[in-house]
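Pasting a structure here, questions to come.
Chain nomenclature is as follows: A, B and C, assigned in order of appearance, with residue numbering initiated at 1 for each chain independently.
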Amino acid sequence: MDKMVLNLGPQHPSTHGVLRLILELDGEIITSVEPEVGYLHRSLEKMAESKSYIQYLPMVDRVDYLSGFFYSYAFCNAYETLNHIQVPEYANYIRVMFMELNRLASHLLWLGTYLLDLGAISPMFYTFREREDVVTYFEKVTGQRLMYNYFVFGGVRHCDIYLDEALRIVDNIYNKIDEYEDIITENPIFLSRTKDIGIISKQKALDWGLTGPNLRASGILQDYRSIMPIYDDLEFDIILSSEGDCYSRYIVRIYEMRESVYIIKQCIEYLQNINLSNVPLNNFYHKQKQHEGEIYSFVEAPRGLTMCYLKSVGEDTPYRVKWRTGSYYSTQILKDILKGVYLSDVMSIYGSLDVVLPEVDR
Amino acid sequence: MVKKIYLSIKAILKGHFTVLKHLFRNSVTLEYPEVHPFLNHYFRGRHVLEGCRGCGLCKRVCPSDAIMIEKNDNNYLNKYVIDYSKCIFCGNCMFYCPTHSMKMSNDYELAKTNKSQLLTDIYYKGV
Amino acid sequence: MNYLLCTLFEIKWLPDIWAVILVSVIGFGVVISLLILTVLFLVLAERKLLGFFTQRKGPNRVGLWGVLQTTADAIKLLCKENIELLSSDKFIFTIAPIMAFASVILLWCLIPYNSEFHLINSSVGVLLYFAIASLPMIFHFLAGYSSNNKYSLIGSYRSLGLTCSYSIVLMLSVMSVIFLSGTMDLDKIVLFQSKTWMIFSNILGFLIFFIATLAKLNRCPFDLSEAESEIVCGYHTEYSGMRFAMFFLGEYAELFVMSMLVAILFFGGYLPPFGMYLANAFMGNCEFCSYFIYFEQTIWLFIKTLIIVFVIIWIRATLPRLTQVSTLNMFWKYIIPISIFNLIMIIMMRALW
């Protein structure tokens, strides 16, 4: 039988960027998939080799513009560990708070766009409404909405954070998550589009290197937050689901948002009890000699494990920077799990993996 | 089976009434040209330069090579040009300025009709 | 219409055949102007309502509260270039949008707007309606087929698959209405409901008909033939300019006319909901009042229609899209048996009654 080759992307309404999927269709059933990436390559790794550490720091947010704080943290952490810079405790708490807020914003955007892929219009606007609050808060504190440049080597830029507003925002989001669930979670149409669709078994998830919520939805208990030292004093649960289908990935993310709210509240509680008004600004130019060595730092980003490899040979610029991002591995697995599904399920599977293309291509 | 159908219809109706609830809420639209968003003083907009000595540290920390500094014969600052087509508003020039002479204002409407107009000399020449 | 025709026949101002043509042209003009006004209003109403459902303001720039937005859009689309692929089938590509729109206009002529204004008054009005109503789908398929685009092709065969499933359901539920009222004349179906509306005696039939209507209109949750997140725009991916506008406006005109049909079949059409005309209630039984009644009847029909349109837009705001497979499953495995069951029940009810 003749097969039709359908070129999904790079410009397609629901590939969230410029992913190209070369699908071979037999009617509406997909027989083979070839994901092709590289349309958004900005050579952020190579760029590091010609820029000093401070010059590269603003670039780091641009690896994934939806969760910039995680990448800033990974890079700052690598540099600090290499150069033995001590980070004060309050700065760690602020970092955790901002990272979790960023996770909220990222998951909210994912939820909205995922439902838009499935054809529901309103939830997208509702989630963007809450995300707008978070992003406006970031703008108020850091100066920009997506490219923050707020974490610096040895702490955060300044400690003038508006804790009351953050508390109001997370309380609001916590209430609104219930509202989203009213619209979506039990909806039979949503269930028919996500339940038992795109099942990733435990072994397959491990084989393809999935991390983060996608892995946890397959029933593997792996959350790098539990071994990160900055999360040591904070209590949170690791959300786990066993089915590994699109629905469990949705559920994991929904409950992860609630956990994020819980973590943020603990951070706010800690920060409200200490005096941050006398903390000096952290704006100084590092003229120190860079230590030699190499380091691989990690952080649990919304889209999976993010690692930053940094090698220094004592010069002002890094010798090599390498990013390991979660989305790249989520894109790879498409080749395996999209085989044999219907064309309309492509979007529900691809959307549920929460791929952000700039992160894939760097 | 009957229970399943009952639950599905209940869920659909619940979703519908949750959406209907929003019909009676105020809109959150910001009507931009008439209403401007609130911007904190940390906002990074157009650069403002006052009392610069021309040490050139900002040029060194700028990630995108957007700053051009021109000095005259007496080693005084003559021109301080920022190329807004290159600037990414990371704020490094402001953060690492040793004399705190670089500030970033809340002005964010930077669109120009011509690329050459984006090359802006922001050095304030006093009387 | 008949009234006007009879007057013309009586005064012998024109030969009879010319009188018929004149009256038809006038009626057709009225219907078309009504259609265009309603569609312009409807597009705006949908955008506004979707805005309100999502705490936005909707279009509010052109004119007061954005009332001229759709007019401006239509003018923009008129001025745009009609892009044609070299490899497309030019003839079908050109006529498909025109024919799709024209068949929707024909549907508008079949509707009894009030007890007088009924352009095509046929004794098999329902049958005629559904015969014509199945035409746009064929032209949607031809549009997708002729534009030589893979997304269009997928969209068009999806719409064909959908047609196979909903049209049976649509006809089965309409048959229950026909059995209850004992006539296929839309006018008589309306008059049959002067005591109780059809929805009270045939609630299951109404629900089935409404679901099938959503599928017929390509509306959410059955908008799979133009699912923008999957197959870009479905059958009209390659269309631009006025040809796209034909599809777009035709879709909305069809939405309104199908909602009118729902109102006619199940909600008493142009009859007032209280069993009494407001004009009569306020002004008594004068001769002048009977002219007001015609207006009132049309207004009642439009109010009922707009409520149904509101529900359809509300559904669009809430529900995600079904897949092709689950739609076919739903229609063939559940809804068709239910509608056959409903039809049998109605026939038995009618026989025993």
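Details
Just so we're on the same page, a contact is a pair of C-beta atoms (placed from the backbone, for glycine too) under 8 Å apart; a residue touches a chain by one contact, two chains touch by 3 or more.
Just so it is clear, the structure is predicted and the values come from calculations on it, not from any experiment.
When every chain is represented by the mean of its C-alpha atoms, the one lying closest to the mean of all protein C-alpha atoms is A. The chain pair A-C and the chain pair B-C differ in C-beta contact count, and the higher one is A-C. Ranking all chains by how far their C-alpha centres lie from the centre of chain C, first place goes to B.
We define each chain's centre as the mean of its Cα atoms; on that basis chain A and chain B are separated by 23 Å. Rounded to whole angstrom units, the spacing between the C-alpha centres of chain A and chain C is 46. Mean C-alpha positions place chain B and chain C at a centre distance of 49 Å.
In chain C, the residues that reach two or more other chains under the touch definition are 53-56, 317-319. Counting partner chains per residue, chain B shows two or more touched chains at residues 12, 15, 19, 22, 28. The multi-chain contact residues of chain A, meaning those touching 2 or more other chains, are 122, 126, 129, 183, 187, 189.
Remark: chain A residues 51-52, 54-59, 122, 126, 129, 132, 136, 139-144, 147, 149, 152, 157-158, 160, 179, 182-184, 186-189, 283-285 touch chain B in the complex. Chain contact summary for the complex, chain C toward chain B: residues 51-57, 314-315, 317-319. Of all residues in chain C, those touching chain A in their complex are 50, 53-56, 150-151, 154, 220-221, 223-224, 227-232, 316-326. Within the complex, the chain B residues that touch chain A are 7-8, 10-12, 14-15, 18-19, 22, 28, 37, 39-40, 42-44, 57, 60-63, 88-92, 95-96, 98, 104.
Residues 12, 15-16, 19-20, 22-23, 25-29, 31 of chain B are the ones touching chain C in the complex.
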